[in-house]
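Note that chain A is present in both complexes that follow, paired respectively with chain B and with chain C.
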Partner chain A sequence: MTMQRSLKREFSLVRIVLLVLPMLLALIIPNAFFRDIVILLMLWSTAASAWNLLGGFAGQLSIGHTAFFGIGAYTSTLLYINFSVSPWIGMFAGALLAALIGVVLGSITFPLKGPFFSLSTLAFAEIVRIISISWSDLTKGSRGIVIKYTPGFDKFIFDSPVAYILIAWVFMIAVYCVAVYFNNSRLGFYLMAYRESEDAARALGINTVTVRLKAVAISAGLTAMLGTFYAQYILFIDPESVFIVDNSLQIVLLSLVGGIGTTIGPIIGGYIMVPLGQFLRSALGDAVPGFHLVIYGLCMLLIIMYLPGGLVSLLQRRSFGGSRLKRPGRRRDEHGAVGNS
Partner chain B sequence: MSQLLVTGILLGGLYALISMGLNLIFGVLRIVNFAHGEFIMVSMYLAYWAYYYYKIDPYISAFVIAPLTFLFFMTVAKPFIVKLADSSHLGQVFITFGIGIVLQNLALMLFSADYRSVDTVYSKMQIALGEIQFSLARMVMFLLSLVFTVALYYYLKKSYMGKTIRATMQNRTVAMLMGIDTQKVYVFTFALGAAITAFAGGLLLPIFYVYPTIGFSFALIAFIVVILGGLGSIPGTLIGGFIIGLTEALSGYFISASMKQLVYFCIFILILVLRPAGLFGQRGTEELGVK
Partner chain C sequence: MVLLETRNIEKRFGGLLVLKNVSFEVKKGEILSLIGPNGAGKTSLFNILTGFLKPTSGDIFYKGRLWKDITPEKMCASGIARTFQVVKPLNGLTVLENITVGSLLKYKNLRQAMRKAHEVVEYLDLLEHKDKLASSLPIGLRKKLEIAKSIATEPELLLLDEPMGGLNSGEVEEMIKLIRQFRDNGLTIVLVEHVMKAVMNLSDRVLVLNQGVIIANGKPEEVSRDPAVIAAYLGE
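Showing the complex of A and B:
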């Protein structure tokens, strides 16, 4: 498949509509609750997309990505609170720091495979969470940090949600483009080769260690940038909101529901699961505590058990990028690309 | 000091007991069971209600709950285990995690977030040996963890079923070719693991409060213990439990109580990197079943 044809598919009409629609709807409908959902939806879809770069393309199933998310949030916030560094700069500082930590972690854990890698990332995220609670001189511990509401572009705080909608959308499109790049570039091909078979990839002369570290760095850095966005949007962070393991699982869940290892899958996953979660919470959350999560968990179970390829597999048409995945002769288990065969 | 060591070892026995079931499910079957903590939570609630309504002592109801759990998984939940065994590891993580969410929130719905505990004669009872004091309930768990280790070890080593379980663990395809009904083995081992977990959960009730989210911390500890001790190694789980229990007691005393988790997560990553088969696991077994 030539590059051009592939790009035509990645930016087909259906996909463009899909990518633009929530942003347009949020701009048109001035409902605060709806806009909040759309912003969160774009935030988590983007985070899932960033995770998918590592988890989907490289097959490295991290369940500790919330550590990078929180590192981004804390770095920019602490720089802003203590040294009045603009969060725009803090965002890149956080991304760099997260990428660096990701590379260090990646080099330590690189021999680990399958569930062992996942568990090590989970332990890593817990370590970062405990540090963030106990190092209270720096992070104010579990009391969290409130960012003072002073609107201004350089402060990354806006009084209208429209700005947040646009920024979140730009993030989403940017990460989608990175995913498209992964799906069509040498780096992406190397990663996919590594995912399918490490031995074969090495035999073909791919330096699996460096491509893997590149994927970790990019994925961690992008996730950290979203952490900054989250902090500037909510204006409050504490270890329980940015470092909690539920975030990591949410990110992976969206990819899994949408279709792991595809460019559009994680975003579709976010479109379905985030509004579902918010809707259930607002509809049922007050009546009986916990009921909405029971329903949410059941929906998630059904999708994962009976639609292992994700929602994208329902839409396996050219415009959705199914053809590449369906290429014969490529081994993949039923959950898309998983582990090292 | 000796008080610290005793506390640590008793805690280790407790951790070993709650990890034993996970060792069967994760260590032997390689099913990444994120609902392990919720299995413990559910059995604690069962024991609690048995005590609350029928005044059945947790130590007695555990002997009822465990066989019932076993039966439940052998019959009603059987298709589910078969499905789980065939999923990829990420699928398993999220299927079991989903079950965890559902169970946790069902508990929240039905029983509210209140902390509940039973007040039995022995739950507060302390035994003094010279200067060393320890609680009776923890001592019971410690002794039972020894009993379970020995029993399970010989069961897996000597009995026919144990041999088929180990054969299936080593190579599912070959085991099937040798005439072993691997599906039956999977269901049986899973049910056995769940039953042991339920038993341990019942015994936890006199020691800990029960509330819907109690499972998560237990599950993390169980994963650490199983990997530390070695996948599939029953004595390894016991030793792993002791190491984590002692680490917790000592680091809680010498560093600070909030840092004790940090210490064992660091141990966990170190052991994963340096010796992924665990301390007592057979070298190379960590690669088995990892697709």
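Showing the complex of A and C:
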């Protein structure tokens, strides 16, 4: 298998259609509600894909990514509100800050294994959330920050939804390209080697800490950029919307449902689960309180039970995609060892 | 030329002394076998030589240089590769991808690394299995894959931890042939093994460990007649 053949697979016709479809749908659909769903779908698919760089490729199951999302949202917003710094610049400042914090967090938490690492990331996200509520002089605490609606390209505020659609789509494609790079690069191979066996990876000369720090920096930085997009799209942020643990869980679950550790899986997870969640809330939200969440959870459970490799394994069964799509579904082989399919 | 030398290596796990004053040399181009009954300290010594364990005391010299703060990745980068007694394939990757992870050490470009991995696949006769997931391989092929990954790092010194374990007689023959080929191609090999047929056939020198102490060091035929070695294996 050469690199070109692998790249061909990553940009096959089916995948190109899948990647372009939401953008076209959002542009065509006249209904604002559906358009909003498609924009959010692209946002959360991209967030899942950014998380997957660390959680999927390296197997470091962070459930604290909402902290990076919030750091991005707050950094660009505070720079814009207080110093009139364009959110475009603020977005990169937020990404840099999140990447640095990610590296510091990783340096401390990477020695922890499995659930202990996950719990430490959850604790980190909660600490950041509590700080954002308590430090009200800077963040306005629970009252949140309203971004004044003054359209302009430099202000990252647009009167037409088309701009938001295109920006969300460009983000999604960019993060997909990063995932493709991971899947076909030395860094990606090293992360996958670490995920499969730390001892084997170290014996093959891999500095497993350095490669994971690179992954967390990239993953955190990209997630923070999405935080800026969210802030500029909604024009309001508060700790309960950008630092809440639900965001982290949503990101992880979309990846699981779509296919963890694959390039396209987390995006497909978002395509299915975000509209499903919105549809169930609008259809059943008024019936019995919380009933839509029960149905949502049930759907997720069924997908994970019957497609442990994620929805992406359906593509593989239909002989689209390629060998890499087989990878992430954990299963037991004939020797009893746990592996990926 | 001495490639690797240990001086007075000692290793304690709490009150348990597993290696005591272990000093030996590995000469370039030789096959040195490390044998001993279960629990003799062979794997602990392997782990110390490759940085997975830190010795309680003692020094390791590689190419005449004292090695301090050894880590597995540093050892591999400087030319010492190892396999594991309980093999550690990268289960979610294919055979070719497993080997590519090894070749990426010397070839930073993925395409070049894959080309090198392909050469290793052909050399070890794994071509028909190259696109199979490592988790789907039977034990014989897993052992081969373990060696293939190490070889792909292009080491000078290869430490093999029980490569014959679990293999049938045909596979043992094949593995013996392979290890001899490695040596003929210039590799230096340290072999931990229980299969005496392989040890006697392959080794230039045999080192016998018993309860953490070297009790014999010499040619295979000398060691096999050594009363201390016979006593260690069969009892007094």
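The rule we apply is simple: the second predicted complex is superposed on the first by the 318 of 341 C-alpha atoms of A that agree within 3 Å, B and C clash if a C-alpha of one lies under 4 Å from a C-alpha of the other, contacts with A are read in each partner's own complex, and residues count from 1 in each chain.
The definition used in the following text is that contacts are C-beta pairs under 8 Å (C-beta built on N, C-alpha and C of every residue); 3 or more make two chains touch, one makes a residue touch a chain.
Since this is a predicted model, take the numbers as computed values, not measurements.
J.: Looking at the overlay, does A:Leu21 come into contact with chain B only (first), chain C only (second), both, or neither?
T.: In the superposition, A:Leu21 touches no partner, neither chain B nor chain C.
J.: With both structures fitted on chain A, tell me whether chain B or chain C touches more of chain A's residues.
T.: The larger set of chain A residues in touch belongs to B.
J.: Tell me which partner A:Ala283 touches in the superposition: chain B (first), chain C (second), both or neither.
T.: Touch partners of A:Ala283: none, neither chain B nor chain C.
J.: Is A:Arg195 touching the first partner chain B, the second partner chain C, both, or neither of them?
T.: Only chain C is touched by A:Arg195; chain B is not.
J.: Examine A:Lys113 and indicate which partner it touches, taking first as chain B and second as chain C; both and neither are also allowed.
T.: first
J.: For A:Gly297, select first, second, both or neither according to whether it touches chain B, chain C, the two together, or no partner.
T.: So A:Gly297 only meets chain B here.
J.: Just checking: does A:Leu7 make contact with chain B only, chain C only, both, or neither of them? Give me first, second, both or neither.
T.: Once the two structures are laid over each other on A, A:Leu7 reaches no partner at all.
J.: Can A:Ile131 be said to touch chain B (first), chain C (second), both, or neither?
T.: first
J.: What is the contact status of A:Ala203 with respect to chain B (first) and chain C (second): first, second, both, or neither?
T.: A:Ala203 sits against chain C, while chain B stays out of touch.
J.: Between chain B (first) and chain C (second), which does A:Ser185 come into contact with in this model arrangement: first, second, both, or neither?
T.: second
J.: Quick check on my understanding: which residues of chain A belong to both its chain B contact set and its chain C contact set?
T.: In chain A, positions 333-335, 338-341 sit in both the chain B and chain C interfaces.
J.: Give every residue of chain A touching chain C within the complex, in rising order.
T.: Going by the criterion above, the answer is residues 1-3, 184-186, 189-190, 192-193, 195-197, 199-208, 261, 323, 326-328, 333-335, 337-341.
J.: Taking the complex as given, what residues does chain C use to touch chain A?
T.: Contact set of chain C toward chain A: 50, 52, 71-73, 76-77, 81-82, 84, 88-94, 96-97, 100-102, 104-105, 108-111, 113-114, 131, 133-136, 138-139, 149-150, 153.
J.: Mind pulling up the chain A residues that touch chain B in the complex?
T.: So the residues of chain A in touch with chain B come to 61, 63, 108-109, 111-116, 118-120, 122-124, 126-127, 130-131, 133-134, 245, 249, 252-253, 256, 260, 288-294, 296-298, 300-301, 304-305, 308, 333-335, 338-341.
J.: What does chain B use to touch chain A in their complex?
T.: Within the complex, chain B contacts chain A at residues 26, 30, 32, 83, 86-91, 93-95, 97-102, 104-109, 112-113, 212, 216, 220, 223-224, 227, 256, 258-259, 261-262, 265-266, 268-269, 272-273, 276, 286-287, 290-291.
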